[in-house]
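What follows is a set of structures to go through.
Each of the two complexes below includes chain A, the first together with chain B, the second together with chain C.
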Partner chain A sequence: MTLSAAPGLTQARLPSWRRILRRAPVSFHIGAAILIVHAAVAVLGPWLAPYGISQMGTGIPLSGMSWAHPFGVDQLGRDIFSRVIHGSHIVLLLALSGTGLGVAIGSVIGLLSGYVGGWIDNIVQRLLEAVISIPFLVLALLAIAAAGPQLAGSPLLVVLVVALVYAPRVARMARAAAIEIATRDFVTVARLRGEGAWSVMRREILPNASSVLLVEFALRAGYAPVLIGSLGFLGFGMRPPTPEWGLMMAENRALIIISPITVIGPGLALASLVVGLNLFTDGLARLIGRTAPRNQA
Partner chain B sequence: MTLIRLIGGRILLSLLTLLIVSALIFWILEVLPGDVASRIMGRDATPETLALLRAKLHLNDPAITRYLRWLGGMATGDFGTALTSSRPIVQILEPRIFNTVLLAGYAFLLYLPMALIPALIQAVRRDRPTDHALSAVTLVLLSMPDFLIATLLLVTFVVTVPLLPAISLVDQSSTALEYFRAMTLPAVTLAVVMAVYAVRMLRDNLIEVLSSDYVRMAELKGLSRRKVLLRHALPNALVPTLNITALNLAYLIGGVVVVEKVFSYPGFGSLLVDSLQLRDLPLIEATVLIAAAVYIAANLLADIGAILLNPRLRAS
Partner chain C sequence: MSAALGPKLVEVSDLSLAYLHEDRPLQVLFGVTFSIAPGEVLGLVGESGCGKSTVAYQLLGYRPPSARVLSGSVRLSGVDLLTLSRAELDRLRGNRIALIPQNPASALSPGMRVGRQVAEVLTAHRRASGGSAPKARAAELFEAVGLPEPRRIGRRYPHELSGGQQQRVAIAMALACGPDLLVLDEPTTGLDVTTQQQIVALLAELRRRKRMAMLYVTHDLGLLAQIADRVGVMYAGRMVEVAPTGILFSQPRHPYTRGLIASIPQIRPGERLGKRLRGLLQRDELPPGCPFQPRCDFAEAACAAELQVLEEAAPGHEVACRRWRALAPPAAVPATLRAEPTEAAPLTPLLALDSLVVTYRAAGSVFAKPVAAVRGVTLAIERGETLALVGESGSGKSTVARAISGLLRPSAGQIRFGGEPLAGLLRHRPRELRRIIQYVFQNPDASLNPRMRVGSILARPLEVFFDAAGADLRGRIARALDDVRLDESYAERYPDQLSGGERQRVAIARAVVAKPALLLCDEVLSALDVSVQANILDLLKRLRAEHHLSMLFISHDLAVVREIADRIAVLFRGELCQVGPSRVVFQAPMHPYTHALLMAAPSGPAAIARPVEAGEPGPLRPASGQGCPYAGRCAWQAGAICEREPPPWLEAGNGNRIRCHLSLSELEARALWRAEPRQVEGAIRPAEGRATP
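Then we have the complex of A and B:
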């Protein structure tokens, strides 16, 4: 039913963006505002941060919360607030590129498999289900272990792992959408024109599945920072001295009894980003007319 | 008849998935390009130690022989020997799984009231400030990674109010009270994460049920509000929540990995992380396969539950 509404929606979008934004629920606006702040911090980070990324001796180590050091100072004398700001663009870039890659790969697999159908679809289905059956964090850790020590700690590996975790889950959604769209007349017409599966997928099915995939992207992007943070926190993600938030929490955890804020600070930054992404996705899904599916992975 | 065929089909499909998962795990770890032995040893590798390790892992045999031998071992309960400690993996697993099952059970007991009570309050006070406030709290908690929730609990109950231990180390000699104290913070963390996912759905289900005809009927008959809510509305609202409970069970398998690590609780999750850190190949293969098997079993149970609860299928 979403799909039949889609052409009408594109027409309504044509007059002006303002009209859509006026229709958007409050959560969309609050989420967008939080995300704009995060994006601004990510871009302007180096100019906003009071101290350098690895500058030592900025204050008394582990002195706790103060006006000069809102998130405290770690045992090396680095200002955690500055490090959180410097880390912002790393977290955002890793999350967005990993999610983007995963959604792209998953869409192609899912749309093609759903359109082609038959035994190919059956085999793809079984394989995807098998990958999904490995809990996502376990799958991520497994992939990192398999990649070996040479790649460990590289941003590329983190991006690939996020994509690997998301692609099969996105493919499942994309396949369902493709099966629905494949029954419609314009797809039959395209097939009768003699177009191949790839071209039908790209030119007929993909444009009609775009709203589903957009919400899927937003939903996955909302969880990606947590996944990346979890990997960093467990010591399988980025390596020190990268100011990735999960990793910073792990680094300062040993001294949590003396200075809790150095652990909580980066965590709050992470949580506020995810709150923003979740509100935005919720609003976006309602705007497009889909209820946001909620799940943990 | 159809019912048995449906359920039987689901079971066969799950077994097939498990088989594919086992091949996948083996392929990812042992067949991917690059020498397994040098990946395990990293920088400390010398040609002699590499040759020794290869012989120990039978790496000179063809991959398919190794896979079938491993699969046969797993199927008959012989999980092999751990590389780092040279102990049988079954022996290592046993206490860890016991600890995690205990923790998961404790977390589930806490999860039920944590999900039910806020949902009931929200449904009764629909669209009032209480409802909105609880929705906001749920949303914020939903956006918090489990290791942040764990950290906040740790700061509250260990640093600020020193009630509980920061490190949840237990072993066979620990008393029940020690176990209870050690498990409380990890269990609360897991319960909060699971409850947050269930509350939203349970609230919406309850509201839907509360506006249904039979609930209005019960109200018109003059039953007390509490009775209508607990005896008529709640049981019907719980059915669709079955699915989220299965999802939560699936979350638990990943969740214990992080939460056990945060509190240094010696369970299955921290064993998995340790085996990955030590690059103990046989132990990694065993733990990951078990994690996947539990996940598949949880989904299978949810599917069977859904089939049994679907009246259209029951009738035929």
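Then we have the complex of A and C:
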């Protein structure tokens, strides 16, 4: 009758990460599986791909789908499937580092601005709003134009542009989190010790905002490949012959009637990455929401 | 007692229930059995986590999805609620059984006018239908629960009402269908003392008029003395003692009940009855026998092995303790005035407030008139002295502490520390001054960073104030933990792995490691359980002695203040009413507001018979800064002069100063409160006896 008294019935406690994973929603697992496949392809790409990055004459140009060329062959006779695989790490690295930089800059600006408050916060917020009001593609093109021709086509520029687009949006989220956390008494205690804004932000506020920022990172990372692809498509991102997916779609778009798979192939790769990242983010957000400390009844 | 005989309205028998907690069943109720007769009030008391709320929700047929009933039944007029379908329960709930929740702010829908919320209950149970009938009935209910302007208040949204008014709306909602049984889950816990007293008076009056049965769940035993016919004491999911209220207080049989009663802070001077509770309920380490055995002062080895069941100690008095015969009921301790050291000759006070004024500007508007939260407060704290600041919520107590700490800048007046003026803003104060004044907050959940280990939390002040590092730092952290009687291993834990009392200990340790001269304690006990409160109070007293601390102790609880303070200052709406040594403040003559506070405080067995206004206090006068702040709410008001002229300070002797227009002799004549302690039993009246005029 007494359940808790019978030791045989009580399950041994699983290690904490396994318990957390068991509670994760399905979307988290599916998203994680897709991302693992993408990561594996990115790392093992050169060994997996049947042909080289710019190897020409692999088949009859524009011959369409076949077992030898699942994504077809482009005008120059390059195997699109191999190029998609070779490009995988480029897309992933650009997306993650651009997002990472954007979240880092945005967090610092947002957390400090939210904690300090007052007129400083007001000015910072108006500036951020001004930047956010510019559509992100226009903002990205403005930044690329301003950077000048020396940097054009460099991966660093793409990373900086992604960061520039995301930082203000992340900053607003971070600020909202900081304002909520700053009202708690432990922040007041730190102020009473005479600690400066930087120290309070780093020690007291950032650890408590980390779950918000983590979700923010994952969410933004999910859209970054699209942004990078758009830039590539418009010819403002990476330069040919880089096997960046958006750029490949742009290169082959004239041929879309003759051999649609050359455009759809890279598009599928991009779409699966974005879907994977979004499912993962959605699951992560719900997981964090559920594992947050609950009130004791 | 009508309770013992006659048909029962509610019969709970052998109820056992478990929660599935992280895939592991955790049993929270063990064979709980009790009954409630029609029109009877049963109080259910125990520390948090004892299962009392779980029992209460079973009477509503409510179980969270993770709960599993292992055995037993819950019968309402013979029908087992545990077997009813959802639809059948829906017909009962709100109709024959109603709940008054702990927090009305979250129980009322924020986007719906309160009148409609009450009308909704009526239409749902088809007690009133059509156009204006439900609204008219709602207005009647609002009148019955003493809300002002019952016809108009229904148009308000919950956030436009005060906490007390919200609870009255929740009560009106519960009463709407004239239920047979009211389940009250800590209905006054979130309210301040005066409001709490009004709500309890209202409940007692409603019960007399409507003859409803009630299950009153609370951790506050003192409150039950005023309303319950019988009290059931729960511990670790078991009922350990059930007795009529008067008997329970005068002859508690179970050691746990005795500990609970002894843990009630006493306003009246005198020794406590017996010893307080020690230790904490540790669910993981319960012996197979009596769950209270590890904390029991009377335990024998056999107690741990043998399961205790309720047996009748006297008619209507059941106790689950195998040793109850061996334990003589504690004798009523003759109450004597505590010997207090005579005050030393005044030196330079450690801290002096001189006509302190703090104003807030209403947020969001540059043109809003600043509101004075504290007006003209002049106070001093001597070295080694504990000064208590007492008043209801919103009286400006915390504002004073915040101004001293530098969080708020005074708009006028001066704060002097050790004779030197203190800079208004924190950033203008040198490190030494920031160290020497330390602040302990009300709620340790909020004042400890949940993402920091206890060790890091304690390390910060040591690093900032003493530049401590390495082995020196670790040694100091260990000593700090030892100082508040926590094990060294706690340094590795996160705050959410600690109990509420342990968290408050860490918060206190963090303040004390800075080696302060002045400790500002802002309601440090009010978020804690009664038994934990007693422990923390003892801890503060010991630290005060060991570290030669002066304290500003802010509280709304006069009983706690009586225990720790050397002097008491009473604050009302930002102005001082009375200042004096604590043993004198509780004697006549006293300020009318101090008197009202004392009369409103639930002080357990010593609660005295008195008529209490069940109505909501009248609207507060706009604080014009003229006249007496208490004018308009004062029962002893002298006349128009109270509203026109600020009252003078009267010297009542022994350092007792009162600010009132009435003369000392008039004040003395009006006070109903008497400092002479009565015999404890003599003070207990059964709730019914009091209810009849």
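Here is the rule we use: the second predicted complex is superposed on the first by the 274 of 297 C-alpha atoms of A that agree within 3 Å, B and C clash if a C-alpha of one lies under 4 Å from a C-alpha of the other, contacts with A are read in each partner's own complex, and residues count from 1 in each chain.
Everything that follows uses one rule, which is that contacts are C-beta pairs under 8 Å (C-beta built on N, C-alpha and C of every residue); 3 or more make two chains touch, one makes a residue touch a chain.
From a predicted model like this one, the values you see are computed outputs, not experimental measurements.
Looking at the shared chain after the overlay, A:Leu101 reaches neither chain B nor chain C.
When both complexes are overlaid on chain A, the residue A:Asn208 reaches chain C alone and has no touch with chain B. Shared-chain residue A:Thr188: touches chain C; no touch with chain B. Contact with neither chain B nor chain C is seen for A:Ala197 once the two complexes are overlaid on the shared chain. Of the two partner chains, chain B is the only one touched by A:Ile134; chain C is not. Here chain B and chain C are compared by how many residues of chain A each touches, and B touches more. Once chain A of one complex is fitted onto chain A of the other, the partner contacts of A:Arg126 are limited to chain B, with no touch recorded for chain C. Shared-chain residue A:Leu255: touches no atom of chain B or chain C. Chain A residues 296 lie at the interface with chain B in one structure and with chain C in the other. Contact residues of chain B toward chain A in the complex are 16-18, 20-21, 24-25, 28-29, 32, 34, 39, 42-43, 139-140, 142-148, 151-152, 154-155, 158-159, 166, 197, 200-201, 247, 250-251, 253-254, 257-258, 261, 272-273, 276-277, 279, 284, 288, 291-292, 295-296, 299. Contacts from chain C toward chain A in the complex involve residues 16, 18, 22-27, 30, 48-49, 53, 70-71, 288, 405-407, 426-427, 429, 431, 434, 438-439, 441, 443, 446-452, 460-461, 464-465, 496, 500, 510.
Of all the residues in chain A, the ones that touch chain C in their complex are 1-5, 9-11, 13, 19, 184-186, 188-195, 203-204, 207-208, 210, 293, 296-297. Remark: chain A residues 126-127, 129-131, 133-138, 141-146, 148-149, 222, 226, 229-230, 233-236, 246, 249, 253, 256-257, 260, 263-264, 267-268, 270-271, 274-275, 277-279, 294-296 touch chain B in the complex.
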